[in-house]
Amino acid sequence: MSVSGFANVDLDRLGRQGVSEVVYGEGKTAEQIAAILGRLAAARQSPLLATRVDAAKAADVRRLMGGQGTYFPDARLIRVGEAKAPGGHGRIAVVSAGTSDMPVAEEAAVTAETLGNEVLRVRDVGVAGLHRLMARLDDLRSASVIVAVAGMEGALASVIGGLVACPVIAVPTSVGYGASFKGLSALLSMLNSCSAGISVVNIDNGFGAGFLASRINHIGIK
Amino acid sequence: MSVSGFANVDLDRLGRQGVSEVVYGEGKTAEQIAAILGRLAAARQSPLLATRVDAAKAADVRRLMGGQGTYFPDARLIRVGEAKAPGGHGRIAVVSAGTSDMPVAEEAAVTAETLGNEVLRVRDVGVAGLHRLMARLDDLRSASVIVAVAGMEGALASVIGGLVACPVIAVPTSVGYGASFKGLSALLSMLNSCSAGISVVNIDNGFGAGFLASRINHIGIK
Amino acid sequence: MSVSGFANVDLDRLGRQGVSEVVYGEGKTAEQIAAILGRLAAARQSPLLATRVDAAKAADVRRLMGGQGTYFPDARLIRVGEAKAPGGHGRIAVVSAGTSDMPVAEEAAVTAETLGNEVLRVRDVGVAGLHRLMARLDDLRSASVIVAVAGMEGALASVIGGLVACPVIAVPTSVGYGASFKGLSALLSMLNSCSAGISVVNIDNGFGAGFLASRINHIGIK
Amino acid sequence: MSVSGFANVDLDRLGRQGVSEVVYGEGKTAEQIAAILGRLAAARQSPLLATRVDAAKAADVRRLMGGQGTYFPDARLIRVGEAKAPGGHGRIAVVSAGTSDMPVAEEAAVTAETLGNEVLRVRDVGVAGLHRLMARLDDLRSASVIVAVAGMEGALASVIGGLVACPVIAVPTSVGYGASFKGLSALLSMLNSCSAGISVVNIDNGFGAGFLASRINHIGIK
Amino acid sequence: MSVSGFANVDLDRLGRQGVSEVVYGEGKTAEQIAAILGRLAAARQSPLLATRVDAAKAADVRRLMGGQGTYFPDARLIRVGEAKAPGGHGRIAVVSAGTSDMPVAEEAAVTAETLGNEVLRVRDVGVAGLHRLMARLDDLRSASVIVAVAGMEGALASVIGGLVACPVIAVPTSVGYGASFKGLSALLSMLNSCSAGISVVNIDNGFGAGFLASRINHIGIK
Amino acid sequence: MSVSGFANVDLDRLGRQGVSEVVYGEGKTAEQIAAILGRLAAARQSPLLATRVDAAKAADVRRLMGGQGTYFPDARLIRVGEAKAPGGHGRIAVVSAGTSDMPVAEEAAVTAETLGNEVLRVRDVGVAGLHRLMARLDDLRSASVIVAVAGMEGALASVIGGLVACPVIAVPTSVGYGASFKGLSALLSMLNSCSAGISVVNIDNGFGAGFLASRINHIGIK
Amino acid sequence: MSVSGFANVDLDRLGRQGVSEVVYGEGKTAEQIAAILGRLAAARQSPLLATRVDAAKAADVRRLMGGQGTYFPDARLIRVGEAKAPGGHGRIAVVSAGTSDMPVAEEAAVTAETLGNEVLRVRDVGVAGLHRLMARLDDLRSASVIVAVAGMEGALASVIGGLVACPVIAVPTSVGYGASFKGLSALLSMLNSCSAGISVVNIDNGFGAGFLASRINHIGIK
Amino acid sequence: MSVSGFANVDLDRLGRQGVSEVVYGEGKTAEQIAAILGRLAAARQSPLLATRVDAAKAADVRRLMGGQGTYFPDARLIRVGEAKAPGGHGRIAVVSAGTSDMPVAEEAAVTAETLGNEVLRVRDVGVAGLHRLMARLDDLRSASVIVAVAGMEGALASVIGGLVACPVIAVPTSVGYGASFKGLSALLSMLNSCSAGISVVNIDNGFGAGFLASRINHIGIK
């Protein structure tokens, strides 16, 4: 049997696993995004996402696609197709420290909703105001997976990690100035967390965190 | 009600969640490790782990504890108490690239076993010999969670991430020389993976990966 | 004999080796590029290249040179003079992971074609979709030299290096965000490849990769 | 008037300000430390400190000085002369996360005691176990200055900074592994704290933190 | 008693400590800044600050707030409410090396004035012209706290630290070029100061320095 | 057809390509090295190499293998089996700057000889003594491939690259002190070479350079 | 005698040493530059320089100063006052590799001419074309001081350092892309030069190199 | 005329320029050092230096050379042959901050003496005790060239640069801890000095500084 044979098998089997496609929109023109979304939409049922699309470009993409798709301005996302029905083991909490971390947090939240999860937003709970975080402790402990989004305040993931017993996905953001070094400080801080049960995705990678949170939330559910 | 009151509540609630304790053994004397393990063991039922303990120090610790505990030389771990019975949604696969990555991979594997998971070791499957990785594809796809351990070969996590539909926890190791910069190269490579569904823990943090894999594997299971 | 005498000898001997000249266009005005190309073209037969020239600047350069030269928009290259007839030991494959890596890949491809090589483009074969790479395995194995272009996906070079027996020139690209650090992550990943037979050029240096691939492909051929 | 005249004036005026001298002991022999301490002790009344002295070297130094001086093994400090009587606006709290941070915390604490301050040690209150930190909240809030010592757990300073209204001096330690990069992660994390009222000293610089805490605690007190 | 109960207690107690609120203006729209300031102003008596606001945006903010607030162009600050009456143990000196460091120095100075401190500006005293610094020595020595602001000239903090007996807060600025690496050189230089009594805040963090200087200057004063 | 089928095919096809195996000896015991070499030697005809083996460990390995294998002390290599007969398009020149670069240069040279190439050593030709390099210009120009090994003196690759018309493989070494940062300076310098026709392998990777040089030298030769 | 007395003495003595003043123009408005130049010109005889001034701003500055001053567009410098008469021990050679390094080289050259030195420009002598450098060897050896300006081509300083017996001041430039990291690669390469007699100034610091070259060239000449 | 002809000419001409040879002793055995020194001593008149040689190795080297050579323990240098008679334009001052910087300072001083210069040591004048530096101001101003050696205290070069009118060669040392990053902090600080007339050599490169200082001090003197 040929090597190409392997590839075909692979493609089929992967396809059956319901992986949602994503288009990374930064640096692509509206024409390119519309073309890729169009091609992918023709080939499959699952909802599609295009990330890092500003409002103006999103309007162009939707026009090029004949009005198809929904734009989520806070998340800078276009979704083509409907979100799946909420399912999984429980609720995913997307926690963020400051308003500047919002776009990344929303990218994670809308991604998780699209993939079929109930999402709880917990905002403005940076560790500099621990009482606000504490006030949401019951919410945090009710989640099956937590996505913790923070920039300079990389400490957020550590603190949450010590308070809950579910998996925590930490997303460093490039928000900050000076020695935040475009997210490097938060990234290192999160990697060095003393709390167990935390892992980290790339700086600003809200999509990746939402996608992984959904996978975890659906584990063992066919 | 006083602030201390909060702390007591918290301690109780955390205690009910069955979190296993770990002692980071590097830089501690056998006396210190034995003392901490003794104190913790007296207070709880769960198994305890001490990581980064070499064979000589482990012998001393066990002698000081009256022979208590089991030493896992490949994982450089001491376990006090029995591993929990295997449970969870499925099997955790711990995948490693080279023989030098073994200690970190074993730290992850024994941690996951201790916390009540069936673990499958998949070894010597670096991307430079892709055919060996392919030969284990069915094993990889049968896992509920994958821990991917690799040093210079940070590529392993990306490749696996593209082949499976379960969560992948990537562990960069400090193995390598020159521009591997003690694991930095693998760490960056894993954070930048184009495959979705991957997150990363600290360099050489086998315990953290095994602990998180277990949490994910038990999600929604009380 | 004087020192200057050495230099003259050297100049002559280098001239006989048919080295093609290149003008790095970034940061130069159309006037500067046209002037340098004009001066070089007057002095020699070989084709000339100007790299990193956007479409607007290219139009200006060609106008200033009286319409001389061809512009390759995907590669952002101007070529003055004809490509040499294809020769060498075999075909050079230029492999790229994502559409954002295209300009660098095309810079390599057009450079190699200009210097007298048959070039095969293998696109969209990132390691996150290994089946697409596998589907092109026979193409990869038929090449005499491979140029592997990848940004975040620095893993591509390692994976290819393990599948073929020809020299692989890896080109990290500055595509990416967050911890890709403008190509640093891909650069380190490629330098640390566990596959033998791989070497690396500077970030985004498509010209350098194409030039070197041609030198290798013509080795031993006068 | 001559330039040297300035220097003399300066020396006199500085002398009147009661600055305590310190000898950085790392990399110096017992002979060198004893000689410097002896010279300084002859010239002034204030207590003297030698930092970073291990037990063996300390024994040698004391022998060479005819038994003079006290050794603080946990702080790795030798003190010659008596600590000043406690004074200042209030109590200095020295807070540390893990047992590995102890030597740096003790260096700060003994330094502050030597310079005439009451010091409260608050230990083992890393943010991964927030309830332990909370249980000491009244202690933290009773302090006039806080020194927060933490390695991987750089988050400690941020969390404390949000809970108190006094100045916080953060001391990153080189404790950790992997991406802690010998204290760099904690250092960056502390510099990026979102809590106001925090400043940072060099990695492992317990002496500097204790010295500054004392200066702050005595402000406005002649 | 519930966890939320703790948070309420906390909020109350913190509120009694007279902490001034600050809005980090960079990356926020005039609308966002005005909205946050309006919400905070309604809830409290203390003066409010918005930092990193350029003149055009400040005009918009003030217009949106019905003319409320004062703009400090050199400090790029908006203040809502009156500065507190000057108090504390003494005068805060804000020292800067070059004219390019002025915005950061003014941010520190206006912050300290707002929080109730007398502030002395000492400008243009870089260490390359030591005689200018020396000419202000009596001013420096008369201060209760010093904020030392310098970019490339990170040496300023060390030199001042050796001349005075009060706490010195060093603020590295991102001014410079080449190997200043956007403030990293000044930051490292300040952290490594051989003078005791110095601590460091984040690059360009004038607000943080002014806030901390005020806290120190009011220590022990209810 | 199954996935495993692919792997088998792959294994066969790779095997036919005559790839020589290498064992990276650093961090492995003599027992481990001997065991791996023994297993590999049983399965194939090609010569085997173990790199980074010091003299004492090499003696142990050879003893464990019943005297089998040859040790090359300058290259810190063990070879099991005979070098292939010299072939290829021409001679490979291994050029090094200082005596401290010798072990890496010899690792490259012996690797290339083992794989069937004539190798010319050109030593002690650092760019600080350009006349010594010039004296070997005819040798350099007679080579079909050049391996340029240099530590602090990363300039060597650039200078050679400008003098010859064959492919140049640059190997930075970790030799040096201070701002050489264990080879980083040489690595960056080589990646930024203005000469075309140069590519770079990892710091100290003499084996990789020799292996690639051989591949290039045998291109188009079955 | 007072401390201020020292400062006055100092100012007088420094003034007698004929130090030329310089204004760093980047980030300053034309108004600011004109004001500073005006103030300095009123107080002294020596020529003044303003560096990093583009053509448009220079026109504004000159207009604001009533036409005073000369603009050097290649060096991006304004000079107020006449260059001193050439003197010193010999000629200063300013050597540069590529046309992109020209502005920094000219900044050095015009600075040195202003301070009273004969300057020889040696251009386009990068080490990738060693024959062009060799052709100027007699010129290089006739200089009393050499300023070597190079970006990616940091090798230039090493090569020149090995060919001459006079002091060499190396100026790394931020020209380049990818792993040149805005001059860091050239900076490290120059610091690690194996040739003795070389020292380095900050990236792009043409003024500093020209100033120092003049100091060296006038050494021992009152 | 042949290329080798050039090399001979070069060697002759360089030889006439009286360049002293140096052997970098670190990482070399006593046998290797003795062999190189013996070979060089046979070929020339000038004094020779071997740097970075500890006392034990120095004793071995001298024994192997039949007692030839003088060892300077503070400078860790062996000198073979006599120092040249002091000459040049004036005196070279070698200034150092702390006792830990002594070995590097002495390496510079003995090198300069060997090459025929009067050297003045100015010790223990770190900027944290500015009055000690000021007390030596006349000494500093009497020098023709200054070598400023400092570790953490990179500020020293800036301060001196502002006080004198002669060339200053700054030598960062690897002394320090924490964020000194083995000399990187001092290196960056020195490169960013705001004082003109300063240049920098590699970390710990006392030889290079002494050599360059001598070249500068002898400029224009045949």
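For clarity, chains are labelled A, B, C, D, E, F, G and H in written order, and residue numbers in each chain start from 1.
The rule we apply is simple: contacts are C-beta pairs under 8 Å (C-beta built on N, C-alpha and C of every residue); 3 or more make two chains touch, one makes a residue touch a chain.
Since we're looking at a predicted model, the values are computed, not measured.
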Repeat of interface D-E, chosen from F-H, B-F or C-F - more than half of residue-number contact pairs shared: C-F
Most widely separated chain from chain A, with each centre as the mean of CA atoms: H
Same or different residue numbers at the chain B/chain F copy interface, by half rule: different
Cα-centroid distance, chain A relative to chain B, in whole angstrom: 25
Inter-centroid spacing, chain C versus chain A (mean Cα positions, whole Å): 36
Distance from chain E to chain B - Cα centre to Cα centre, in angstrom: 44
Centroid spacing, where centroids are CA-atom means, of chain C and chain D in whole angstrom: 57
Interface hub residues of chain G, defined as touching at least two other chains: 3, 6, 10, 14, 130, 134, 163, 178-180, 184, 187, 191-192, 196, 202-203
Chain B contact footprint on chain D (complex, rising order): 99-100, 130-132, 134-135, 137-138, 175, 177-180
Chain A residues within the chain C interface of the complex: 3-4, 6-8, 10-11, 14, 26-28, 32, 172, 174, 183-184, 187, 202-205
Chain F - residues contacting chain C, complex: 6, 10, 13-14, 17-19, 22, 89-90, 134, 141, 144-145, 163, 165-167, 169, 187, 191-192, 196-203, 207-209, 211-212, 215-217, 219-220
Residues of chain F that touch chain G when the two form their complex: 97-98, 126-130, 152-155, 158-159, 161-163, 176, 178-181, 184-186, 188-189, 191-196
